[in-house]
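Can you keep this structure in mind? I'll have questions shortly.
Think of it as A, B, C, D and E in the order they're written, each chain with its own count starting at 1.
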């Protein structure tokens, strides 16, 4: 099977699932309509009819981690091709990647020391 | 043909997992319960919250199901029994499962409800914690197999399973996989006791059914990934290869399910701190150890 | 199959078309998948000895996932309102089952009612299975509507916050269209209404900005305004998708503004209005808004960022907290900036003036008002009345009563463990503690001692559970010098005073109580001795599972004339604000949970 | 070949469509996720162009990075839900002009330039990953290490700028006192 | 095959154009970064198309793509860092309100 056919298969899988779910939705709709009643569509908050909109500026307290993650995450873009040829190249590869990871780890240590790795 | 067999195997595993889940929660073994429960979901009303982001609200469960199945599509049951044997299979499964986060953010933001929104953003924090622990152990697996192709990775474990070869990587991957599947004790985005259902809270009827199906599929996909990367995939005596794959997958999935029963939910701050200050250094150590092993042991 | 008209549940789902085969199957599946939301909470079910899972229903955490609303016991007025909201949020088909107590006035008639007993529960499940199999769908189900589900709608000017009308129209000051806004519950100036306050605040600031920089910005403003209108037309996609939701919100307004009349033309007119509102409530006014102005006066978190805080209710029916306890937290992200707890089911300490209550009735009433510790309060009432009547202590009775009290202490602590398990998502703990609690309720006297190894094993197991210590240690530390404590909370305060210490205090108390029972003898449920027509004043103190409770009363001719009750929970609930402040949401809830507050025992 | 062109075009259109949504919606989370799906579509284009490793990498990296973008949008935008329908743009006409000119010039160049002979067969996908690995450890080793330094700089810069100096006031959290 | 190349290049160009529009028209730092991300996405499409159809034998093209992706990540990390710092100091990340930055 050619590589493009495989992608086609995956695409077909995606579309197939979407179609299946749509069919399920269709069957569910055929059961009957959802009655509109007061209070039913207010987001459930344990017995209180809380009508306040909640879409406000949300304080994500892990932004210190998030900043480090954004940069650190890039490391794997380089690591996967490296891992594939690692055995072939041998110790040099370990050394190269060792330097790279050490550089990244330094950044992590800096962030850690400055208090980025905590709930802000 | 493969296409159908793999999907049927996936559905069958999900069904078995649902039966086991019902067994642990109600104490009764009822094989028909998952089907009945699915039918019951069809029969309940599907409520859309007021002033929602309708697109997000509708897409989230479908997206979750799609990515869970896509992840399973590159995992082999037997040497040729795989939907798409991609050249970058090990990376592809990461890519597919990264969209679990997207689905949960959508499910959290969509309904415009406080519990759901907190749940969605919590999962982003959870991803920041576990993501590196999924990616880095897989790197070590690829180092040994010299390939990202999942069938080759399983093939490389013919002599010795990776769980023995790199136990540290297995432990990290298993924990991270549980966090990715957001099952207890990592169910921070859906925590009933803390968020009253969180991202699940506003889903009813058929949408809730799809969401639950997707979550179980996700567990199976991750269990299957654990099997492929660490438990030697289809390798095993006597039984046919596909049977071994299924048995191992189900065993891992059930153990993921049971682990949550016997543990309290982790604190989010602890999860993030442990993953970054302990997990990532250990994952790096794992890579170095495996790197040396690969060079020393032919 | 011909559906039996008598077998239709009140919350049936509207049927589309005929009774198809699929609908029949689905009905059966629905009947086999009962999931119930327990009001006030699962802990009350347990303390009444009800085993809901064994009866064949799944306990759910949210109304969205529930098909049965199971109400146990009498509900206070506020709880009835909460129940109405929960019921409204359940998807159809939905049923109401009431065990013991009167149906709340806010709900439609119960589908099934029985006394508080396991047999009643099993009957209810049987009935529900039959009813759902036949009557899950109905051709014309009745809408559920209750007064609590409607909010009053105010129409305000986006530019002039002081202009508030109760009808749509235009602003007398600037002529802009007024925008609909839901008024806060009781009064328009509702302090807790963060979202709205905030919006007003924004406009206000906006106005401010105008005065300051009107000259410079005038031109820009025009240009932007145009751009924006254009933008809005194009972004109608959003509105279309939301058509359903939107129409509904219109209906809501409609119901409220005019007295429930469904007039087509009227509806159309309104729809336009509310469509406008929907597209953007401050649509017309939005030009340049300075974000600096918006965030300037907002409170800042410890890290210096000014975010939108939101006030989120946890309770009265929240799976992580005992039912009836309403915890309102102001959240900054997932951190708590402030919080307060109130009880919606607490007793009121005013005995009706001039109304005398028969002593026996008084005891029953007090015991049933405290479902989580009924034996303790029965004992308390008996003691107080007997002392008022001047009876001497009888050591045999006292001993039997003390044993009964210790039994209840064990059961109550196990109930707390189950609740903690529910809060922490620790399913094994919930199941185990609930099973043991039910067994203790059933076992009597020496039989109870057979459970000793199981209880010790539970404690040992908790000591070995990974993550539990890191979850509880250091959470809910009481501020130094906190007075008014009693019970396990006070006894644990000598130790570390955190949730972990409280857990071990309660586990220790379970073992101590077992030892006491072993040494003493059979329990005897407190029964009032013959007091005749005695008079006097009596005061009694009982160490309930949650701390000291004190009752003083005046007895006249065998009738309780007035009483005064003081409980530990009334004091402990005041600690909540200090314990949750500055905590992560999960930690705050654990801290509150570790106090083992019984909202029933909060006296106001 | 036409099939390939078709899929490249379809995903290209998807990328453009989502790209347009980014600046057209008033909801900030929608905007961020539209960017996410735009990048995903770009990744799918890579796959359609038989550049498997980069495609999958793009699809994966962007999911997490753009989600993090979403939370920062929610933190720092005035009205993240877009409920106020506010307009957050300026110099609109100029920007449209600049965008059209930029795209136009690039398109004109794309059509007019002589691209020379075009390769029909792509290298095998597994080979690509290997070759990239070899490139990484061979000729481009310095680039790779430089990227490491860049990332380090970014981590240090971001931390230094964004994380406040620890004071007793903000280290009240439990985990810091341990 | 040139057809696919042209299709890809045109897509890249349009993405680039949208990015330019976004980066110039948005008033908010975070939104401007989204524009920059789109510009880089356009560049990525072009790079991959060039590699695939013009020089598939030389992997410096792919390496370049990796570098651009790194730039995207780095830009985001630093950009968000700056956004947090500005928001903490001024309570806003609107560029129009960053008068002090314009000097």
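Just so it is clear, a contact is a pair of C-beta atoms (placed from the backbone, for glycine too) under 8 Å apart; a residue touches a chain by one contact, two chains touch by 3 or more.
Just so it is clear, the model here is predicted, and its values are computed rather than measured.
Between chain A and chain B, the least number of touching-chain steps is 1. Setting chain E aside while every other chain stays in place, the touching chains still form one piece. Between A-D and C-D, more C-beta contact pairs are found at A-D. Each chain gets a centre from the mean of its Cα atoms; the one farthest from the centre of chain D is C. Centre-to-centre spacing of chain B and chain D amounts to 26 Å, using the average Cα coordinate of each chain. Chain centres here are Cα means. That of chain D falls 7 Å from that of chain E. In this assembly, the C-alpha centroid of chain C lies 49 Å from the C-alpha centroid of chain E. In terms of their C-alpha centroids, the spacing between chain B and chain E amounts to 32 Å.
For chain B, the set of residues touching two or more other chains reads 42-43, 45-51, 55, 86-88, 91, 109, 112, 114-115, 121, 124, 128, 131, 147-148, 196-197, 201-202, 205, 268-270, 273. In chain D, 4, 27, 50, 52-53, 57, 61, 64-65, 68, 71-72, 74-78, 81-83, 89-90, 92, 124-125, 128-129, 132, 134-136, 144, 147, 151, 154-155, 158-160, 162, 164, 170, 173-175 are the positions where the chain touches two or more neighbouring chains simultaneously.
In chain C, 13, 23, 26, 62, 64, 89, 91-92, 245, 248, 291, 294, 302-305, 307, 310, 312, 314, 318, 333-334, 584, 587 are the positions where the chain touches two or more neighbouring chains simultaneously. Pairwise, the chains that make contact are A-B, A-C, A-D, A-E, B-C, B-D, C-D, C-E, D-E. Residues of chain B that touch chain D in their complex: 51, 53, 55-56, 86-88, 91-92, 94-95, 98-99, 101-102, 105-106, 109, 112, 121, 124, 127-128, 131, 147-149, 269-270, 273. Residues 220, 223-225, 227-228, 231-232, 234-235, 238, 279-283, 286-287, 289, 291, 294, 302-305, 307, 474-475, 582, 584, 587 of chain C are the ones that touch chain D when the two sit in their complex.
Note for the complex: chain D touches chain A at residues 3-4, 27, 47-48, 50, 52-53, 57, 61, 64-65, 68, 71-72, 74-78, 80-83, 124-125, 129-130, 132-137, 141, 144-145, 147-149, 151-152, 154-156, 158-160, 162-163, 166, 170-171, 173, 175-176.
Against chain E, the residues of chain D that register as touching in their complex are 1-2, 4-5, 8-9, 12-13, 15-16, 19-20, 22-23, 31-32, 35, 38-39, 42, 45-46, 49-51, 53-54, 57-58, 61, 65-66, 68-69, 72-73, 75-77, 88-92, 94-96, 98-100, 102-104, 106-107, 110-111, 115-116, 118-123, 128, 131-132, 134-136, 139-140, 143-144, 147, 150-151, 153-155, 157-162, 164. Taken in their complex, chain E has these residues touching chain A: 66, 69-70, 73-74, 76-77, 80-81, 84.
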